[in-house]
Amino acid sequence: MRFLFKTDYEDDIKLFPHSGYVFSYGLLLAVLLIAPYVLSSYLMSQLVFVCIYAIVGVGLLILTGFTGQASLGHAAFLAIGAYTAAYLQQFNVPFPVYFLTAGLLTGVVGALVGFPALRLQGIYLVIATISFAFIVEEILARWESVTHGNEGMRVKTLYFLGTAVPRDGPTFYYLCLAVLVLTIVGSLNLLRSPTGRAFVAIRDSETAARSMGINVSLYKVKSFAISAAITGLAGVLFAHKLSFISPEMFTLQLSIEFIIVILIGGAFSLHGAVLGAIFLVMIDPFLTYLKDDMPGVIAGLAATLGAGTERAAHIQDAVAAFASANGLKGAIYGIIIVLFVLFEPLGLYGRWLKIKLFFQVFPLYKRATFKRQKIYVKSERNR
Amino acid sequence: MLDFVQQLVSGIALGCVYGLIALGFVLVYKATEVVNFAQGDLMMLGGFFAFTFIGMLGLNYWLGFAGAVAAMALFGMLAERVVVRPILGYPQFSIIMATIGLGYFLRSVAGIIWGTDDFKIETPFSQGVLRIGGLVLAYDKLSVIAATIILCALLYLFFNRTTLGTAMRASSENMLAAYYMGIPVKRVVSIVWAISAAVATCAGVLLAPITFIHSNVGLVLGLKAFPAAVLGGFGSIPGAVVGGVLIGVIESMAGFYLPQGWKDVAPYIVLLAVLLLKPEGLFGLHVRKKV
Amino acid sequence: MSYFRAENLSLHFGGLKAVDAVSFAVEKGEILSIIGPNGAGKSSIFNLISRIYPPTSGRIFFEEQDITEQPAYDIAKLGIARTFQNIELFENATVLSNLLVGRHRHSTTQLWQELLFLPSVRATEKVHRRRVEQVIEFLDLEPYRDKLISGLPYGVRKVIELARALCSEPKLILLDEPSSGLNVEETDDMSFWIRDMRSDLGITVLMVEHDMTLVNRVSDRVIALNYGRVLAMGSPAEVQQHPDVVAAYLGA
């Protein structure tokens, strides 16, 4: 086990507590940088989606994880970012300009949503954000002069500094990765500053936050704006990656997926956003694997275990039928959510911390270290 | 004028269905302060059960109806036992997420079992209309309204007049204290889930003649019932029904008088407006945290 | 004129008069205790001062400034900090970040500077960190610096709440039952700290307290309250012998 001896106040402020962190994150970055030369184009494309989902995850974490304001409307912010990009692109606005404009505009919309949300708590806030997302979806479908309604909009290839950045190329991946890294660094900076601490204070006790001089309303609006702006930036990348956007892409389903990202990753740390994004995006390749390879594998297994050829073929068909059943993805989503809530409420990152601690203190690990405290329902209506 | 009344009645009928689903939301919320996002899907499942009993096995309508309600009550208890019980006492957000997961699962399984087609249940109210002057009112719509009133009254009496109802209200206020007072909190929660699944089934079966049953109907209607419950203040049984009716009427009026597209968003716009003016809903209580 | 002054302060909930035309003044550098039976309106007075409730009527002055209409978050900025009866800490954060929140009223950095963590932010953060360390030292909290609040025992949390209030470098501190839930030893420590706060840090103290030993030990003056009204005011000994106070406590 490593003991840290702090000799300077700087030690409590810096991002990497010790050299081990620099090494492991450096290694991770190196792996990510050479990924395009190693992975197949399909996996590269998934990796781009991981970046985009992770950016949204970071945005959502700031609002939900750190400020404690639930939102089931983040798909709408993503949509606003995406449509801003697609709209401005028609007038040959350069990428950096519409990228930042999209972030700014979404941030303003986020702040506007934040104002009415000030008086709302818990479940009322959830329904208000859902309503907001529905209204945005409907506006996108009806405001045909700008959004082309349900026909959707085509998004042209990205041009950056005069060169084309095709959506399947490694440069686009590097761009997404860079945005992700910058978002994470910015968020970490925020979290170690007064603003980030104010967010956490509001999450844990609004009364105490107020009595410590925190303007709760102002900081809630700030949190909404920052979260929305980050999601808007992700929206621009999302639009470019898909090269076509239409209102039905930005439904409640997508908002729920974003929540799943932070739930599965772990809603208490930025690591959670990235891990959750990896998990969520990789469900699709996993399903493809289930459909294509699983039946053969299981049939082979059955054959070696002594089942006849005919029997094995039968099993193969049965497994194939199951794996390609309509809506299997939904069932898998459902089971994953329930399992995580029941058995790993701290998410993947929480699991990682547990494993790490297990080896650090081996053989003295106590399961109770991470035991959740039951609080039971004391009416939250009295908040 | 006749158009208006016609629209009003069909709005009220639709609103009653929302109200019935919203009742389920409110029941679970009242007893456990959990918002059950799978409520609409329980309704969908109830509809499919009834369809299986009536349409596929050829049972009598009332028998099938009762069978579906009973089966769903059991299913509600099962869902509570498996998904909610282990996390009782943990933050609300966890339980809400668990019910979202449950909803996904139910939709998908229903899709796998019954397919993705639309189904219709033949009911005694499917045909026939009531004529009052020039007004034509379909029985199926009237049946929904009547059933809602009856169910609502029964539940209201149950909560306010019976010991079990009082126990439920107590455990919603403070679960631990209720437990110490000898209320079997776990069983109470289980019963609440059974009742809300049963109410959802009623909604599903009554709905069948108006809309078809398909695996996504729960999600679509659940998302309308949710604002209904919020509009009503999310803890009030009459509030849920009033909220449901309001949403139904707004929707049907917007569909008739406003340009296309308004129908789907009008309820949400009204909801946002109400929340802005009265953040605790129309019938909600606003109490402050004590420090 | 006095340092802090409440004039005819009232708080009515419907027919219930939680605080009924209470007037009192606190002198600079004084330790003033408010005592009274449960439900006498002691905490309500604190909640009025820190603007959790708006008063039904009456005015509050601090350093000759009318603060009755100030928003709640401005009260702290004026230099009035408080603790809570039932502890309102930020449960899922470390002790250090709890204390740093106490520094909030001194933070001057802008959002965009924080996003980039400019050298100016770094510099102010170090200042905050140093001040927090001084409070940690003052209250002997060194062993708990990096611990999460949710895992700490009640007595420690009570001290951390005091520490958080001190981190804001207040001029006036409101302590809501500082000794409730503490054992004899911890109460002893608390009484030393309260006196040190005044003598070393120059903070004026207004406190609500049930423990008469603590009240006698630290207070310069005492106000006795019952049913939202002032029964008696004066030195600890005077107030305790006042017939109305005796009656209120013994239920005559």
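In order of appearance the chains are A, B and C, and numbering begins at 1 in each one.
Keep this in mind: a contact is a pair of C-beta atoms (placed from the backbone, for glycine too) under 8 Å apart; a residue touches a chain by one contact, two chains touch by 3 or more.
No experiment lies behind these values; they were computed from the predicted model shown.
**Q** If you tally contacts for every chain pair, which pair is highest?
**A** Most contacting pair of chains: A-B.
**Q** If I average the Cα coordinates per chain and compare with the overall Cα mean, which chain comes out closest?
**A** A
**Q** Please work out the Cα centroid separation of chain B and chain C, and write it as a whole number of Å.
**A** Each chain's C-alpha centroid was found; their separation is 48 Å.
**Q** Quick check: how many Å separate the C-alpha centres of chain A and chain B?
**A** 31
**Q** Where the CA atoms of chain A average out and where those of chain C average out, how many Å apart are those spots?
**A** Computed value for the inter-centroid distance: 41 Å.
**Q** If I count partner chains per residue in chain A, which residues reach a count of at least 2?
**A** Those would be 207.
**Q** Would you mind listing the residues of chain C that make contact with two or more other chains?
**A** Chain C, residues with two or more chain partners: 52, 84, 88.
**Q** Which chain B residues touch at least two other chains?
**A** Counting only residues that touch two or more other chains, chain B contributes 291.
**Q** Considering the complex alone, what residue numbers of chain B touch chain A?
**A** Result: residues 29, 32-33, 35, 83, 86-98, 100-109, 111-112, 116, 171-176, 179, 215, 223, 226-227, 230, 234-235, 261, 264-265, 268-269, 271-272, 275-276, 279-281, 285, 287-291 of chain B touch chain A.
**Q** Which residues, counting only chain A, touch chain B once they are in their complex?
**A** So the residues of chain A touching chain B come out as 70, 116, 119-124, 126-128, 130-132, 134-135, 138, 141-142, 207, 252, 256, 259, 263, 325-331, 333-338, 341-342, 345, 372, 374-383.
**Q** Across the complex, what residues on chain A touch chain C?
**A** It is residues 9-10, 12-13, 186, 189-190, 192-198, 200-201, 203-205, 207-216, 222, 268, 373 of chain A that touch chain C.
**Q** Please give the residue numbers of chain C that touch chain A in the complex, ascending.
**A** Residues 50, 52, 71-77, 81-82, 84, 88-93, 96-97, 100-105, 107, 109, 111, 114-117, 121-122, 125-126, 129-130, 133, 150, 164, 168 of chain C touch chain A in their complex.
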